[in-house]
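Below: a set of structures, written as structure tokens.
Across the two complexes that follow, chain A remains constant while its partner is chain B and subsequently chain C.
Moving on, here comes the complex of A and B:
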């Protein structure tokens, strides 16, 4: 993989890395025919972000190696080391004219070269690891509620909450008002915690298509990271969400850029009263171990499957396993699936996101159960 | 019991925020006393807060455009609330460009001081931010705990130097010692001293001036027949002093301190419409 970024786009790339650094400790780079994808996931797998830069974003973009038969190499690098290259955004803007990213699988190096003013060239040789495809499974089409607003509106909304606040609840109130309030944990004494609520009129949004009375709770830290990026890029932000417990998806779109941030949402307290029973399937979400297991089985699946590499090799579009409750048809098979729900998620009451090792559509995929590490609860209807 | 108030003027709002910020720096929790004409922020000298006490008084008329309150009974037309001033400070921080701020006592799930901020927006309707600050209602039988402390029978009363100067000195001294000695005499001299095994540092101030205190009841204050040159001193916790100095966001029009030798230092900071008294006990 080789790509060259020039001019103001270097800063955009830098800002994207800053935003991703709020999420995880590792940065996944995936060169595809439709662009370079940068991804990150947090340790409890409740947050996932991907930035897809289209080939047009680059001055030069070669996803594959020189040899046509070589398959595309996916890799991950330490976030810290990659962020180090783009640490200071102002100086990036002032001094860097060109940035070259080169993946050298033979030498086991990811080379990031900054061509600066006065003929100075900074070369960073980063160690990388080849890795599986990191993909959260979600589908914005299936989300019942959609909100679209200028990033600035949301950025101005979250400043009212303290930096230390972990989660925020977004709700659609009566009269089309959209509200944001700090989430207060059950254990907290109500007479000790200040509750801050912000209400925004629907005419401040570009699109409001929400289920009345719906509300979701998600982490603020990662959202703030995305907002910083969105505000600087002056792009409208779209929020797709469904019922509590299902992930919320934030998207930004541009002609050369596509950004997704997927965050787990907190289960509704009411449905939480009857904790989902973990039966049969041993998908207890202690993420690290389980993930390793899954990875292994996936790797095996990979070996036997042909990876389609060609013009049709678009990145697998995010999919959401068909596990949404369909009241009309409830065949026993599905009910079994509904029971196959993990026990208490690792961190607070957040469900881990649905990370699958997703293959290119068309290729023989692994068994569907392997796609999902920890799936969302369906028992809340 | 009812209370509602409204600030529309931005300058008043900023001024009020600054006062609250100062209080928030000095006290983790404090008592807010509301009367028809005044607001008081009170910290009474409990052992838990290191024996310091605070008394801050402001006239509501200088801050609020509307101010209505109704106490428990007509003959006790006051409200005493316990609150975390940092919450109020945080609530007001988000109100820097507000069109209006309303403060109201509510009782939904628990007694709360609701700060509702109306912010300008791009659309026709404003953005509304509400902060529900939990408060405790202090029953009338405990009101006596929150009476204004009297000015102690001091040995020396002296005007303070510019607080910024004092602050930067005390901040540096804080790195070297846990306690500081304040000493002053009646000829306008004040010294700030620290003494450790390794180092002794003294900063001398002179020509500060001594305020004239009219003795109200005619009884002799111990300051009156005192040798003008002799120093009265008290050793106090340097962190407490530094807190007081760091919290000052506006330079007060008058700042003075009264020293009761080896017992207490009483600071009085006067702004036009706000007065702050702060008592730091001497260390043994």
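Moving on, here comes the complex of A and C:
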């Protein structure tokens, strides 16, 4: 893989890396024919982000390197080291004229070269690991509610929440009013809790197609990261969400850029918001024994498809046993590497984005693997 | 030895007396070498030199020429004492580090001689503070024997070009490798950290390059932890001269221009990192 980014796009790339660094400790790079994809997932698999830079974004883009028959190499690098290359955004804008990214599988190095002012060249040779495809399964078409707003509107709204706030609730009032409030845990003492709620007029939005009364709660940290990027890029942000517990998908689109941020949402809305009569009957997904057919859309399944997808009839990658339904659980493979408990486990009631080991298209159907998707039972009762 | 009553009788009881109408000119230079608590001060008629060392491998010198001071007298050929630099800096900035524009702290500094404290009189806005800092037995200092005739390679760069490089150094790397060469890559800074290696190349025809005199290709490694403190001097400086001798000893001279346009120098000497494994084998 070889690509060259020039001018202002270097800063866009840098901002994307900064935004991704809010999500995970590793950066996945996947060169494809449709562009270079940068992805990250958090350790508890409750947040996933992908930035797809179209070939037109680059001055030069060769996904497969010089040999056309050569398989595309996916890799992951330590976020910290990649972020180090783009650490200072102001200086990136001021000094860097050209950025060259070169994946050298033979030398086992990802080379990032910055050509700066005064002829200075910075060359970073980063170690990488070949890895599997990282893909969150989500379908924005099947989301009941869609909102689209200038990023600035949302950025100016979340600014009112303290930096320490973990989760925020986005709701659609009966009159179509969109509100954002800080999420307060059930155990919190009401007399000691401050609730901040912002109501946004619907004419501030470009699109409002929401189910009245719907509300979802998601993590603010990753959302802020995306907003910073969206605001700087001056792109409208689209929010797709469904019922609580299903993932919320934030998208940004440009001619040369496509961004998705998928966040788990809290399973049950605050109980006091539900009319007593609707208890247990409403749209609140009550996970039951008979897994619905659309289970896949119910949760964000993450596919990790084998990297070597040779047509050699390799037996399906072993299906993972039923997971312990703790959201902090990470992929067993990952666990061996990381060993430690993830740094920021999400709220206990978050569904994690489940990973399945799915064969790449072309192999046997992925259906059998769906049984590995386990239910998060913590939030029930 | 306690300081007795104010020696009003004797006309010039001090072996060193200096006054400065803006103490910041002194404190900012001292801060540029402040990576250890203690410093050795060495005063001659030419000026004051403040030396800080660490690990017998690095030495930093701040030179404050006599001309910087409004009044500067040395009674003996040379006056040497050791002092706690942190305390000295605290005293010099006792009225705050960021003075408002138009206000400055005036300083009078006196030293009676061996065994006496260094006395500082600081005045700002009519308020006077008297500080007495105990002096200590001077250390024996390293002699790097770095003379300009033995310099093999020399580069003068505008500091701007190095500032970002030093700020972004991969601190997971144990060493900073400096390559100076008459041929490509001319001047290269390399680190070898956990995440991989990084190289920073400066072409000889760069606008940052004020002078380029490289006679032979030299690649030396220096402990990054030893060089990191020089960032403080780099931040203040406008130009930096990077020199190496045949043994690989490194001299970094920083030219620092103060608010009044006067020029001072801060110099760092650093030993190269020896390849221990090779020596042991």
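In this text, the second predicted complex is superposed on the first by the 275 of 381 C-alpha atoms of A that agree within 3 Å, B and C clash if a C-alpha of one lies under 4 Å from a C-alpha of the other, contacts with A are read in each partner's own complex, and residues count from 1 in each chain.
Heads up, the rule we're going with is that a contact is a pair of C-beta atoms (placed from the backbone, for glycine too) under 8 Å apart; a residue touches a chain by one contact, two chains touch by 3 or more.
Computed from a predicted model, the values in this text were never measured in an experiment.
If you put the two complexes together on chain A, you find that chain B and chain C both fit without a clash. Using the contact criterion defined above for the overlaid structures, shared-chain residue A:207 touches neither chain B nor chain C, since it reaches no partner. Once chain A of one complex is fitted onto chain A of the other, the partner contacts of A:162 are limited to chain B, with no touch recorded for chain C. Within the superposed three-chain model, A:191 lies in touch with chain B and out of touch with chain C [touch as defined at top]. When the shared chain is aligned, no partner comes close enough to touch A:234: not chain B, not chain C.
Contact with neither chain B nor chain C is seen for A:129 once the two complexes are overlaid on the shared chain.
By the touch criterion defined above, A:199 reaches chain B but does not reach chain C.
Contacts of A:120 after superposition on the shared chain: chain C is touched, whereas chain B is not.
The minimum CA-CA separation between chain B and chain C in the overlaid arrangement is 6 Å, rounded to the whole angstrom. On chain A, the patch touched by chain B and the patch touched by chain C do not overlap at any residue.
Those residues of chain A that touch chain C in the complex are listed here as 77-78, 80-81, 84, 87-88, 91, 95, 109-110, 118-127. Those residues of chain C that touch chain A in the complex are listed here as 161, 164, 167-168, 170, 193-203, 205-208. On the chain B side of its complex with chain A, the touching residues are 84, 87, 90-91, 94, 109-111, 121-125, 127-134, 136. By the touch criterion stated above, chain A contacts chain B in their complex at residues 153, 157, 159-160, 162, 190-201, 203-204.
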